[in-house]
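Have a look at this one before I ask anything.
Chain IDs A, B, C and D follow the sequence of writing; residue 1 opens each chain.
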Amino acid sequence: MIRVGVIGCGYWGPNLVRNFVEIPTAMVVGVADLNQERIDHIKGCYPQLVVTTDYRQLFELDLDAMVIATPPATHFALACEAIGRGLHVLVEKPLTLASTDTQQLIELAEEHERILMVGHTFVYNPAVRALKRIVDSGEIGSVYYVDAVRVSLGLFQKDLNVLWDLAPHDISILLYILGSKPTSVSARGTSCVLSDVEDVAYMDLSFPDNILAHVHLSWLDPCKVRRTTIVGSKKMLVYDDVESLEKIKVYDKGVERPPYTDTFGDFHFSYRYGDITIPNIRFTEPLREECSHFLECITERKSPETDGYEGLNVVRVIEAAERSLRNGGSREKITYETRRPAERIVA
Amino acid sequence: MIRVGVIGCGYWGPNLVRNFVEIPTAMVVGVADLNQERIDHIKGCYPQLVVTTDYRQLFELDLDAMVIATPPATHFALACEAIGRGLHVLVEKPLTLASTDTQQLIELAEEHERILMVGHTFVYNPAVRALKRIVDSGEIGSVYYVDAVRVSLGLFQKDLNVLWDLAPHDISILLYILGSKPTSVSARGTSCVLSDVEDVAYMDLSFPDNILAHVHLSWLDPCKVRRTTIVGSKKMLVYDDVESLEKIKVYDKGVERPPYTDTFGDFHFSYRYGDITIPNIRFTEPLREECSHFLECITERKSPETDGYEGLNVVRVIEAAERSLRNGGSREKITYETRRPAERIVA
Amino acid sequence: MIRVGVIGCGYWGPNLVRNFVEIPTAMVVGVADLNQERIDHIKGCYPQLVVTTDYRQLFELDLDAMVIATPPATHFALACEAIGRGLHVLVEKPLTLASTDTQQLIELAEEHERILMVGHTFVYNPAVRALKRIVDSGEIGSVYYVDAVRVSLGLFQKDLNVLWDLAPHDISILLYILGSKPTSVSARGTSCVLSDVEDVAYMDLSFPDNILAHVHLSWLDPCKVRRTTIVGSKKMLVYDDVESLEKIKVYDKGVERPPYTDTFGDFHFSYRYGDITIPNIRFTEPLREECSHFLECITERKSPETDGYEGLNVVRVIEAAERSLRNGGSREKITYETRRPAERIVA
Amino acid sequence: MIRVGVIGCGYWGPNLVRNFVEIPTAMVVGVADLNQERIDHIKGCYPQLVVTTDYRQLFELDLDAMVIATPPATHFALACEAIGRGLHVLVEKPLTLASTDTQQLIELAEEHERILMVGHTFVYNPAVRALKRIVDSGEIGSVYYVDAVRVSLGLFQKDLNVLWDLAPHDISILLYILGSKPTSVSARGTSCVLSDVEDVAYMDLSFPDNILAHVHLSWLDPCKVRRTTIVGSKKMLVYDDVESLEKIKVYDKGVERPPYTDTFGDFHFSYRYGDITIPNIRFTEPLREECSHFLECITERKSPETDGYEGLNVVRVIEAAERSLRNGGSREKITYETRRPAERIVA
């Protein structure tokens, strides 16, 4: 039985509490939040828990793991403290707000031989997993481009722009599905409500093999859209996370390029309009998968799919995007250290 | 009775023929197309017409006006010839493929005192007109940003990229609704099917008053989307051209910015979720409105709403966007000559 | 070249004129309508036609075929006259308003050896044809039931209720797809706007093999719905005529009945949720198919798919449904004469 | 603090447990279910609860109220026992499976002065409440007819047909919104999967003032539809429970009947196509409202909105509908006793 504590019970934390409560191999022991009202609510639902407004009290509960679902600016310090006290940690996305912090956190976790996992929930989403299987199978041919839209009338953050808030979802999905990392990014946005916090942003990412990915993020849109379109040379995929049953559509229509074109003759692409298939996806709650994976990694001492390095990749892309945002949409290169645990040992 | 000739009966031309046939104040006299099959088809439908594969024969039919619906690369030469022969001209969008050509065309039309009109059809679309009325009324407050998407599995062009093909629609809509012109643009795209013809493009435009407009264009998307979202400080608008009845939705929800924010206190935006209204729009075919307007301008010797200068504005924006596309997404300034007919006379 | 005349140019007639104009093997010679304005409009579009407000003048135009698109109450008399004058006839649905009239018309056509065809357009609709192919292939198993909805804010008729106006569509689709005829019907409706003309009706039909079909018809619904759901023992089909691309969806989900049920044990059906497939349908205008078929039947002297007997079947079902409507929803048997041309000759 | 027990933790029970756990004025003390696995799951989530497979043990927990969420066939006996032991009861719909049972239950509750409430959840649904407000305000004019569809690929019941399972929802909504009771009903259905349990049913109900209501119920439909259309003389309403934001649409379009019709002249209805409004509905979980109402009725000793008499009305309509189903769709009268508590005292 893995003993779990949770810091942060605002918007997302209660879902983490519920999942760890319901998984038989874990036991939520204590929950902390600065807000007494939230704490009272949690205590009402789960009278068996220790609740507190001082997270330090959780360290006295003989925990194995700490789950951190606080505002991003506090992730680094809280995660450091928890790892320092010998706990495995699951941190909500974004892992931290600076790649240097993330690197330090990774090193700390390696030093203490603790699991460091970031909550890139979509990587555990059955629909995203199905998407990756389809792309990897070659069914859609080579990927031409990806267009992602994640907009709604959202929850505003006062100290964090829409990039840091929403982009971790799409970047982690892109890294996972394409199996590669973007080499450059440019971003444009606007601050409508607060003068210095972007609430709308557009980002384009260059991936290897000339793949373009474009991401539209907004907290200021009347419609809730969460759609990713993947256009391949043979087929096209649409993943609509708002749909309940028809989450993925595979469009068997594409454009075939004739082997040569006659300069003087007519020019015609041959369109293959074909069937559309909506594969059945056995849906489970992505967060349940994520929580189970965290527990499994602790038990089996294995590295999570969304480990610190994945968290670092995402933070680096957002850092570069934010530089571009500040520079009026300049194209920013993104560099990745390749130092990985194995190499580190060698070093 | 205004005697009309039409050059070009491919994809769009037959709609122009049909409209001018059905409007009582006009009479289509002759139609030209290089393709004999198209010509035969038109003759089958309208046996009363002179049809020819040589457009020059149309000049012998005692016409008042010529409608040019040929590939864009031929617009300039054909329009010059028609104006030179004393005809009023309606040219499909884009008016030409270069601002210098457009300027020359404008001057020629002024010299010959002929109407020069460009077919920015959406300006005549009742839904777009309703959008402008709503924006102008102040109902949505000040405009924060506009997001436009125009994608489908489209008709490819071999010598024209998706910008020149589709952007005229969105740019003309933006110019019309915002009543101002963008000062700079940046664009990114990719050429998936043909190596040198972009079939996907993203464009962001800076308008005065810090308004951002973003446009997504694609010939390579499995879904047909034609949606414009206008986010204002009080309300939000969605114009969905694919919807048959619910073309415009007015969302009475927005974010209210508190008059001041207490740096040390909690920070909350107040969301006003409100009703959604779908105004009834008496729909008429936009092309019918456009054709009627052209005839009216001829009769009343007045300047069209989408005259040569409007065509020039659109061409300039696309030229700048294409420069950006060639320069990896650089931000390109757009300059507009302000010389207008009245000033010209003074000069 | 088959010379065609058209009587009736109101709501539907112009579509018939346009199709026969565009088909190369036919030539529309004359068009009649009581309304001078409609006639003028048609003349404006097709100056080559003889137009008249007196349909009798069409008989002087040396026609081969007459198309009748007038109000249903006039179908019988006009069709009789046209056949009597040696013309093949295509009559809009419903063929007539009484089965006795329809029988007389069939006999007259057989006597004069003329083609008598009724415009059950949906039988020529590529989506309906695809539906039938899927059902006939056995892919969905045996048909359990069919649910059809055809509602909108419709055009009211003052002398014809919604059953006679809309039911011919659904009944002809059901007869075509199931390949059998209903044995009984009951109907319920209400007259909202006019006291004696039902504008809303529900009809349930018993088909052989215990198949239930239910039809909902309304002129008084804010949404336009045209949906047919076919539930089979293995799969389910939805045909949504309002959709432009996704007209037919095949749901690979069904309920499997265990071979036996243990009275004392738990009882579980096994649901097979599976993929959804949207077959690509090469769409052509159904009316074009219908018109071409009529011309082909004339040329090849063959019996139309929607001949007088099919028209008679539909009229009989509606007659029985109307009796039920008058009797408060009583179940009414429907009898069909099996006398067919071949047998008739024997007789 | 009201002490609550819950019998039945299958499909719906856990939602009741969760709501009573979260409401501060109540305290769930114990939960019973025959299935050990369900009980273990509940205990895992709420370790503070007494759980048991023998519901009788709950009577030893000093409860104030019992919530019964077991299969309908057991409702009557369990509710009798709970009331007999002095508990207030909330029973899931349908209250019982026979009007005689329901009457007996009502009498028992009156005798013991206990609250008897039935879980017609939709009466507590904010969207249904908004619907009633709109209808009562007169905004839509007089109601012409109501069409309700409640279909999906549903959970089969082996001993209860689709009428008893789903019709309580629509009948309780109709009774609530129209504020009157149907005088007759006819129903048709079919048993596709099991030979003697209808899984598809159509029901039409005659309400006073000549209002027709039609209900379509199915466990065998590939699409989940939960839509109620209310057509009034001035406006039309659509309530789509599957929509998350746009639950109610008010269509300002209707048909105006001219004051008189000229028998010899043309006949035209005047259609007023108008705006569509989607009122904002502050959504709360209907079950939360229901549970709170139950507790409030206990505390304030007042009669619930969905008391035993409402439960009885619904059972009577279903009984009549089932008679019709057995008689091939016969029209069955529905009679209601008007004896109400107050009158009863007089008697």
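Heads up, the rule we're going with is that a residue touches a chain if its C-beta (ideal position, glycine included) is under 8 Å from a C-beta of that chain, and two chains touch if they have at least 3 such contacts.
Given the structure is predicted, the values throughout are model-derived calculations rather than measurements.
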| item | value |
| --- | --- |
| Minimum number of chain-to-chain touching steps separating chain B from chain D | 1 |
| Furthest chain, CA centroid comparison against chain B | D |
| Contact-richer chain pair [A-B vs A-C] | A-B |
| Chain A and chain B, separation of their C-alpha mean positions in angstrom | 39 |
| Rounded Å distance between chain A and chain C, as computed from the means of their C-alpha atoms | 53 |
| Residues of chain D whose C-beta touches two or more other chains | 245, 253, 273, 276 |
| Chain C residues touching chain B - in the complex, by the definition given at the top | 21-22, 24, 41, 44-48, 224, 245 |
| List of chain C residues in touch with chain D within their complex | 144-145, 147, 153, 156, 158, 186, 188-190, 192-194, 200, 202, 204, 210, 212, 214, 216, 218, 220-223, 229, 231, 233, 236, 238, 249, 251, 253, 255, 257, 261, 267, 269, 271, 273, 276, 328-329, 331 |
| Partner chain C, residues of chain A touching it in the complex | 245-246, 252-253, 273-280 |
